[in-house]
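In the two assemblies presented below, chain A is common to both, partnered first by chain B and then by chain C.
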Partner chain A sequence: MKKTTLLTGLLAGSAMLISQGALAASCGEIVIGSAISLTGKYATNGVHAQKGYEYAITKIRENGGVKVGGKCYNFKVIYYDDESKGDRGATLAERLISQDKVQYMLGPYSSGLTKAIAPITEKYQIPMVEAEGASRSLFNKGYKYLFAVLSTSEQYLASAVSLAAEKAKEQGKSPSSVKVAIAVENDPFSLDIRAGVSEDAAKFGMKVVVDEKLPRDLSDMSAILTKVKLLKPDLLIVSGHSKGAATAVRQIKEQNIKVPMIAITHCEAADVTGKFGDAANDFLCSTQWSETLAYKDSLFGTAAEYEIGFKNAYPEYKAKKVPYQTAQATAAVYVYKDAFERANSLDKEKVRDALTKTDMQTFYGGIKFSKAGNNIAKPMVLRQIQNGEYNVVAPSAFASHKLNWPRN
Partner chain B sequence: MDQVLSNLSLLLEFPIVNLKIILDGIMIGALFALAAYGLALVWGVMNVKNLAQGDFVIAGGYVSWWLVQHGFPALLGVPAAFIVMWGIGWVAYKLVISRVIERDLFTSLLATFGLAIMLAQIMNLLFGSDTQSVDLGYKTLYFFDGIVNIPIAKLIGVLMAAALATGVIIFMKTSRMGQAIRATAQDARAARVMGIDTEKVYAFTFSLNSAICGAAGAIIVMVWVIQPFYGISYAIRAFVIVTAAGLGNLPGVIAAGLGIGVFEQYGAHIFGISYQQAIAVLLLLLVLIFRLIQQRRNRQVLK
Partner chain C sequence: MAKKKIILYALILAFTFIAPFAFPNFGTQLATLWLMIIVALTWDMTGGQMGYNSLGNIFFYGTGMYVAALISIGRVYDIGDYTSAAGGGIYEFTDVQYFSGVFLGVLGAGVFCSISAVIIGYVTFGLRGPYFAIGTLGVAIAAGELVSNWDWVGGGQGISLPGYPGDPDTGKVFFYFLFAAVGVSVFVFVKWLYETRFGAAINAIRDDEEKAEAMGIHTLRYKLITWSMAAFFVGMAGGISAFQLLHFEPLETAYQTIFLGIFMVVCVLLGGKGTLWGPVIGAILFHLFKEVTWNYFLGWQWVALGALIVVTVVYFQDGVMGWLVHKRPEWFGIQVEDKIAGETE
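Let's turn to the complex of A and B:
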């Protein structure tokens, strides 16, 4: 009895699929696989990324699909939930490739999971365009099938160092007199940030006075802030995902820490302006992308138009900013469209070769891959929270506002 | 090593920092003590080592956070979390814990571990994986050039924790239920013979534990941050404290809780904050070694 109902269900389901396919005006389908975090600790950002992928797919379908060999195709993504766990991600990648026979992959969320999946896609020689793994350790392994649209993580806060040097010069002091305090979480992403900052600080001859690693389950950083208070650095760098951002903003206010410049990551994810109001003012936040930037393309329009279009498609984002995680996920799908059309083939090797030659302007910024697969055409952006608004202050070419310095 | 030395010299150069570290330690330790206190109860009375302890704490935090999101005053969150978590504790007892009480240690560990994973994932689905906190908007008091600071929110939190702990101690000492709980802890069979409904005592104790944890969580969300997967760090500390203080020694639990808070803060200052939790576990190791030596000295009869 049960079996028959199941069977009829299946039959009905496939009949529906067929009729739907017929409706979509004889466009073919390109199937892409993605293991992504829909549950577990990365679920929030995993879902942001998934919506970014889906928005791009819808937008491409509405604009005539992907043109390969005179035929049109639409993307379809098979998602599996990796539960925010690396080993699960790797298993699912195996399953996507060997059972579901996908020939192309979109990346998961976070550097850690990308690191777990990249060896698998590399083994099967499946191209993977990823949008959420920024760790530079992904790009020194000689991977040939991995392409990342985002800037690598050591660039995240490095620009804050040059900004501090600039300010020192304006004050008539040498950049080498600047003292830097670094507090980052002990994970691949944040350690890259630390590496980027300390390299740049060393270039200017700056002194690093505090250099601490935050534990994963951080809820209290008062010990570090006490040291900051005593040693009076000119620049404080904090990176510890959203919990690091929330803890830093809260305790810097509580302990009344006066540092002229403070740069952190994950401001939006932690919603520091919403939660802590004025206490978040004058913090510098790094971001991959901002809707106020002057980037544009022919499919999504300008960065601002992308934001509006996305909010119309997903009304639950109406009240907040569209996170950059979503924008870069959309850009990853767009890169695939571009590569398929240039390759003019569905052969994965030809598509890979086309990916290596990518050189395009998008609403998300320029995209051009180095030999290692990371995007070298897009700079990181620093924004400052000014009266609760995120305003771009660096790099100066895109800056819309002046930096408030010193912060109070 | 250089860093350790420079950190030590900072302590000597600015002696007032010691006061700040001790105060910070006491404030964080008070909340560890609260969670440990509930664990000692459950462990002592029903011999269940509850690994879901930390997740009860976080769940209490979310109750309070949810109320604040819906326009209720933040301080109401503490009693509300106490009540809601009482109910959740009772349900957890009826569904899971009551089935593992008489079983061996391993079964109860596995069952509560499963409960911990379930709770964390349910909270993740309900509230999302972002860190949350409640801002009371109170001022911070500064002393000694601002080096020592006491946020009023923290002060209120510690006072509430102290009031709750005192309340529970008085309750255990004077009320009939408290007597029954103590009797059951001493000898469940004898208590049953004397007409005590131990099943009811167990359900009450577990609910009380869950409620205490909930209140602790509601205080934590006002002072620090919570996230669905933070439970484990509170569970670990609760175990360390109870092991150090021993079962059935409630004042000892409080002292050990405050002690571990201060010890951790010192460790974080001297060795770096990344060793904070390692220091808690190191302390546990030292206590166990010390206990072992102590027992060896007055070795008694063989069973």
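Let's turn to the complex of A and C:
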């Protein structure tokens, strides 16, 4: 008697468990791995990117998931903290692939980390859609499983150089009279920024008067600024991710550096307007994406709607700009959804082939990969911080405001 | 006794061969274990046997990485173009280019490091004790900084190398055996070396350099040759690491003074300085400890490592081997009369 009661109870219990399980598992799961910088010098942007991934995953889940073979799936990402260190990132990628058996990867933050991880995913032939590695040196190794949704780094500040040339002409001077100062982090991303700026400057015959590297921890550039003060360049370029941007804005103010045009990267990600207020005015900031642009898609809506949706999901961003690092991370997940649906399969080779054929319009802009894996369908824009607002000033096709020049 | 030893060595060698197949999931960890054994054994050549505690051996590891990578790339492409931050072109390697690159690169790394040890040693061996340690550390740090600002070799970006052509699991076994081959060679080599007159001479330098000099030993020559031999093996290990890791950058991977540069010393201290088996045992224990803490106590791993170093230095100054010799002298062929042993305890 007792035994039967127990048995019935067990049966009933397990039946309940099964039905609950079935409810929760009405959609299957596609597991993606990602090593991302949650601590260390890239932590700010690592977190921006992670939130971008998570926002996309939630949004996709709310809209019926990913449809593969008539079944629906949701994405789930296994994250590990790479501590902003390349070797750690590579070890974690290895671990994600060999131990956690992930078949798909989302990129880490920064070109340096992507460079450390891409050889591993390539070795195991695991597709990796990345949103945060822009250095061109990533796309000359013949990688077949690497796809980047963002524009490459030489495009970040190219418009700043042409703007400086334009301004020189307006002043009745030759563009070749423009003196350029460059201070960049010693990493693949910023070195490519430097390469791009140097190439463009050379085209105009401009002279590079300062060409320095930021210290490793990116927390002090006063020595370089002293040099800048002495040599009086017409254009100052600083690139060092969020930490470098914050250091530049803070110390340029502290040391009262007067340069007519200062162009830096990662303004929004570092929230320079929130942190430094007026000191950030008239800085030129390169951006992969702006919520004012006229991009849109069926899932996230327009660029502006994406920003509102994201701010509602993550209220801590209410008071600041949603950085493009977040938007492109979201776009990377969206690219995966699109590729899975077109491949109509969970086979990684078929998904990889579908990825190569990606050609989509998103809230983040067009996405289409070259043979080397970089996105060739989306331009970069240059914004200027004008009275605390980020206004697009270049290229002219997207410009909504006029450039404030000279600075100060 | 001799027979027993031969059986023991045969067993260890057999295990070396079987290990990557018996534990396929731990291929990379086993390869890293051999790397630790190599750097520990070679560190002990100068540190334990000759009394020169170098903190700069990581210089040879990093330089080995760069030399191996540059040789393998330089044979096929222009290095400046390959490493350029601006990208451009697609750089791929055929199987023949890859394997000949690995072979020549690793060998070249050994030779280059061996020569650079003679040059650096010529300057730094004038220093004694802690000054030598700091001097060599300085060399490693300076080298890392110089390389990280040298655009031709990629500067702060480091270098990405082509992957093993073919199945990644075979690749793991390939690198395991490369490391194991160097590791076994180092062991056999130092085992032979320490039994020769040369071994006695470097021990004499450790025990009293002035006396050794007075006895007619050309100490500088012995020191240079010893370090140069150690550098040869470390350079090769660095070269293999470069191909195994696929991507490396100057400060955190190649010239990683505070990681591998210190780990090798800890391995030797843990196992027992100046013994043949000490560095090997130390490397195994340390590697196990590191893998366990890095996997299960993540966040506390550095605290645990610090604690390990403190405990070793305070309580086990002679390492595991020293402790064993003290506790079980009969295992090492040391005859101790019971009575005397009883009194000393």
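By our rule, the second predicted complex is superposed on the first by the 368 of 408 C-alpha atoms of A that agree within 3 Å, B and C clash if a C-alpha of one lies under 4 Å from a C-alpha of the other, contacts with A are read in each partner's own complex, and residues count from 1 in each chain.
Everything below uses one rule, namely that a contact is a pair of C-beta atoms (placed from the backbone, for glycine too) under 8 Å apart; a residue touches a chain by one contact, two chains touch by 3 or more.
This is a predicted model, so every value here is computed, not measured.
*Asks:* Should A:F139 be classified as contacting the first partner (chain B), the second (chain C), both, or neither?
*Replies:* Touch status of A:F139: second partner only.
*Asks:* Could you say whether A:N186 touches chain B, chain C, both of them, or neither, answering first, second, both or neither?
*Replies:* both
*Asks:* So in the superposed three-chain picture, is A:A269 touching just chain B, just chain C, both, or none of them (first/second/both/neither)?
*Replies:* Only chain B is touched by A:A269; chain C is not.
*Asks:* Could you look at A:K213 and tell me whether it touches chain B, chain C, both or neither (first, second, both, neither)?
*Replies:* In the superposition, A:K213 contacts both chain B and chain C.
*Asks:* If we overlay the two complexes on their shared chain A, which of chain B and chain C does A:I224 touch? Say first, second, both or neither.
*Replies:* first
*Asks:* Is A:N312 touching anything from chain B or chain C once the two structures are fitted on A? First, second, both or neither.
*Replies:* Touch partners of A:N312: none, neither chain B nor chain C.
*Asks:* A:K41 contacts which: chain B (first), chain C (second), both, neither?
*Replies:* In the superposed model, A:K41 contacts chain B only, not chain C.
*Asks:* Taking the superposition as given, does A:A90 touch the first partner, chain B, the second, chain C, both, or neither?
*Replies:* A:A90 contacts chain C only, not chain B.
*Asks:* A:Q171 contacts which: chain B (first), chain C (second), both, neither?
*Replies:* Touch partners of A:Q171: none, neither chain B nor chain C.
*Asks:* Name the residues of chain A shared by its contacts with chain B and its contacts with chain C.
*Replies:* Residues common to the chain A contacts of chain C and of chain B are 186, 213, listed in rising order.
*Asks:* Any idea which chain C residues touch chain A in the complex?
*Replies:* 25, 28, 82-92, 148-149, 151, 155-158, 160-164, 168, 171, 245-249, 251-253, 256
*Asks:* Could you list, by residue number, the parts of chain A that touch chain B in their complex?
*Replies:* 39-44, 183, 186, 211-215, 217-224, 226-227, 229-231, 242-243, 246-247, 250, 253-256, 269-271, 275-277
*Asks:* Which bits of chain B are touching chain A when the two form their complex?
*Replies:* 3, 7, 10, 13-14, 17, 20-21, 24, 28, 121, 124-125, 128-131, 133, 135, 140, 142, 146-147, 149, 151, 220, 224-230, 232-233, 265, 268-269, 272-274, 276-277
*Asks:* For a test of understanding, state which residues of chain A touch chain C in their complex under the given definition.
*Replies:* 85-87, 90, 94, 98-99, 112, 115-116, 118-120, 122-124, 135-142, 152, 154, 185-188, 191-192, 194-196, 199, 213, 216, 372
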